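These are the structures, in structure tokens.
After this come two complexes, each holding subunit A, first together with subunit B and then together with subunit C.
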Partner chain A sequence: MQEMMIIIIGAILINNIVLSQFLGCCPFLGVSKKLSSAIGMGVAVTFVLTIASLITWLVQKFILVNLGIEYLQTIAFILVIASLVQFVEMVIRKKSPDLYKALGVYLPLITTNCAVLGVAIINIQKSYTFMQTLANSLGNALGFTLALILFAGIRERLEEADIPKSLQGMPIALITAALMSIAFLGFTGLL
Partner chain B sequence: MIYAILSLAVLGAVFGIVLGVAEKKFTVEVDPRVEEITKILPGANCGGCGFPGCGGYAEAVVAGTAPLNACTAGKDEVRQKMAQIMGIAAGAAQEPKVAQLMCKGGKDKAPLLYEYEGVEDCHVAATMFKGPKACSYGCIGLGSCVQVCPFGGIKMGSNQLPEIDYNICSGCGACVNNCPQHVLKLVEASKLVHVRCSNKEKGKQAKEACQVACIKCKLCEKNCPEGAISVVADAEGSIAVIDYAKCTGCGICVTKCPTNALEIMLPINVSNNEEQNLTVKHPPAGCNHCGLCQ
Partner chain C sequence: MSLGKEFTKGIFSENPLFRLTLGLCPSLAITTSVNNGIGMGVAFTGVLLASNIAISAMRKIIPDSIRIPSYIVIIATFVSMVEMLMHAYTPELFTSLGVFIPLIVVNCIILGRAEAFANKNGILPSIMDALGMGIGYTLALVVISAFREVLGAGTFMGYAVFSGSAPSALIMILPPGGFITLGCILAFLNKMQNVKVAKKAKLNQSIAQQQLSSN
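Here is the complex of A and B:
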């Protein structure tokens, strides 16, 4: 249990998927203009990333390794993630039309979120067990959500700030992201 | 090799079947008319109809809970098409409305209370003494309405008052709802005379705050042949108010107003409403609004 907590906290703060490993930068910059959509995106990614990691772990362990075809890892994982996102989209559309509308185009875009594939592959590379995989992917997903929500909050404030014209919009967002990344470096000695 | 092909094929097939089953199980019945109506709506998501965006309005129309004439931006054409899709009568159009600025105090008319150097946004400026102008009721002039107009129909005039392009204005009310000073109002497009002032202070203070303020002299009230304009008092103060139902647009009050707070404007050409424009009373050329003819 303690080991799992260490993995989760390590994934959220120390090896934050966006700010330390630079995976999933596209939704990090794309969906961070509004706090509300950032929260929705964070929830969707958390859900998809956790489930996808578990299924890819099972696929790796019981299909790829057993048959000796580990070289098909990437394509098999992408297949899993793509179908899973489709499935989640259908479920959300049926069960919660409001969330479906709020997420909009970003829901199918999770398919191409490299954080999802990245975490799935990291889990295999570090040869985690099933429970460790669960902890690591949940931690990474929460880390992504945390970074996205923090960034969205800062960007909402930046909208009101007096920023030099040449830095308005994306430039100041990138500078902010860099400063956040440096700030997260401070967590290195935490564990 | 054979394992690779087989395993991927099997994986693909399994996911395909799962998705296929899920599709059947989680299918959402969408009335095709919703999509059709969404397509013909202007798509500006201005909110003038009172529903969340054009999609929300389309759903409400199909559900039968919204009238066909609620889309102010779409005008007649959209209403006819919607009636066709829904198979019901198009009904009458709403009387077209436009946004009117109830303030004339540009930078040459209204003295400043302080120099404002903050964010270019009326809402922010309004938090400090209701804006930099001495008149705390007037237009702040930082153009929040310009930014919020979904049709790009407002631009900032040279005297730092917004100028509304009545060829574009659809009367959706986005600017009206966004104005922190509430100096924009939705008025029927056919109405020509407006009290271009929102200041409710007493005459002397109002005049000090702005050269073209309503000073509550009641000259308009006394001279109006229809009894359509009167100085109305409420908790905040008083100001001349036009009863648009009675106003004929004769313009006598405009000539009597000592501070020019009242204004008569040229008829607005609402393209699909020519008949109505013809019935608006135009004073003949050379009319000095003496009122003798009436």
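Here is the complex of A and C:
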């Protein structure tokens, strides 16, 4: 249990997936203009990333390794993730229209979110067990959500600030992300 | 549209990284040294070229409704091939790029080019498009990594730049450095663009005034 907590806290604060591993930068910079959409995206990613990591772990362990075809990892994983996202979208639409309204727009975007495939591959590379995979992907997903929500909060305030013309939009967002990343470096000595 | 224009648009007017800000993740993560930047750029260009050729050649066979999954499978196949080639021939680069080689699959530029260009155009224009975009992306990666490596480690492609013991700014090769460098480069390009637009507006104004006074 303690080991799992260490993995989760490490993934959220120390090795934050966006701010120190640079996975999932596109949604981080693209869907962070409004706090409400950032929360929607964060929840959708948390949901898909955790399920996708567990399923890809099972696929690797019971199909790819058993058949000796580990070299098909990339293709197999991206197919699993793409169809999983479709499946989740269908289930949510059928079972809970409210949730679908809130998350629907973000779900298709997640297929090409490199955080999902990245975490799935990293779990295999670090040869985690099933429970460690669960902890690591949940931690990474929560870290993504935390960074996204904090960043969206800052960007909402930045909208009202007087920013030089050439820095408006993407450049100021990147520099803000740099400052957040420096702040997260402070967690390095935590564990 | 001429082939030359397809080639140069990817390098300048539609540079995937600096103009369209696509493919950010690898450009921030692996640009800690120029060697990594070039390696990533070459791998990326190879995959883009192969997938553009394959998709353009099969554009009439692939049914419209399942085109996105088909593109992803085609791209993933070429990425796996590049991954194996790099593992065999450049093991050092393979370890330093790490997880970002398989992640070329989800690079939005490649799927974007397939969807926006290769499925509408013939093989030859698609080759030029892929080469232009690939070289444009590689150049962008080299520019970012040059700034980061020179300022952060005091070297360029592994060779020392400064004589003596100049202090290096470690922050530039740590994660924040990636965000800072790209942010400053984009701001600089915006500034250039603004100056150009302002100059053009001024020129138009003075021409209009001249015409007015001559009338």
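Criterion: the second predicted complex is superposed on the first by the 181 of 191 C-alpha atoms of A that agree within 3 Å, B and C clash if a C-alpha of one lies under 4 Å from a C-alpha of the other, contacts with A are read in each partner's own complex, and residues count from 1 in each chain.
One rule holds for everything that comes next: a contact is a pair of C-beta atoms (placed from the backbone, for glycine too) under 8 Å apart; a residue touches a chain by one contact, two chains touch by 3 or more.
Values in this document were obtained by computation on a predicted structure and should not be read as measured data.
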Following the overlay on subunit A, give me a clash-or-fit verdict for subunit B and subunit C. fit
Check the residue A:68 against both partner chains and state whether it touches subunit B (first), subunit C (second), both, or neither. first
Of the partners subunit B and subunit C, which touch A:58 in the superposed model: first, second, both, neither? neither
Please work out whether A:191 is in contact with subunit B alone, subunit C alone, both, or neither, and reply first, second, both or neither. neither
So in the superposed three-chain picture, is A:172 touching just subunit B, just subunit C, both, or none of them (first/second/both/neither)? second
Could you tell me if A:79 is touching subunit B, subunit C, both of them or neither one (first, second, both, neither)? both
Comparing subunit C with subunit B, which touches more residues belonging to subunit A? C
Of the two partner chains, subunit B (first) and subunit C (second), which one does A:162 touch, if any: first, second, both, or neither? first
Gap in Å between nearest CA atoms once subunit C and subunit B share a frame through chain A: 11
Footprint overlap on subunit A, comparing subunit B with subunit C: 72, 75, 79
Inside the complex, what are the residues of subunit C that reach subunit A? 21-22, 24-26, 28-29, 69, 72-73, 76-77, 79-80, 83-84, 99, 102-103, 105-108, 111, 171, 174-180, 182-184, 186-188, 190-191, 194
Flag every residue of subunit B that touches subunit A in the complex, lowest number first. 3-4, 7-8, 11-12, 15-16, 18-19, 22-23, 26-28, 118-119, 121, 124
Contacts from subunit A onto subunit C in the complex sit at residues 19-26, 29, 71-75, 78-79, 82, 111-114, 117-118, 121-122, 125, 165-168, 170-175, 177-179, 181-182, 185
Subunit B touches which residues of subunit A in the complex? 59, 63-64, 67-69, 72, 75-76, 79-80, 83, 86-87, 90-91, 93-95, 97, 160-162
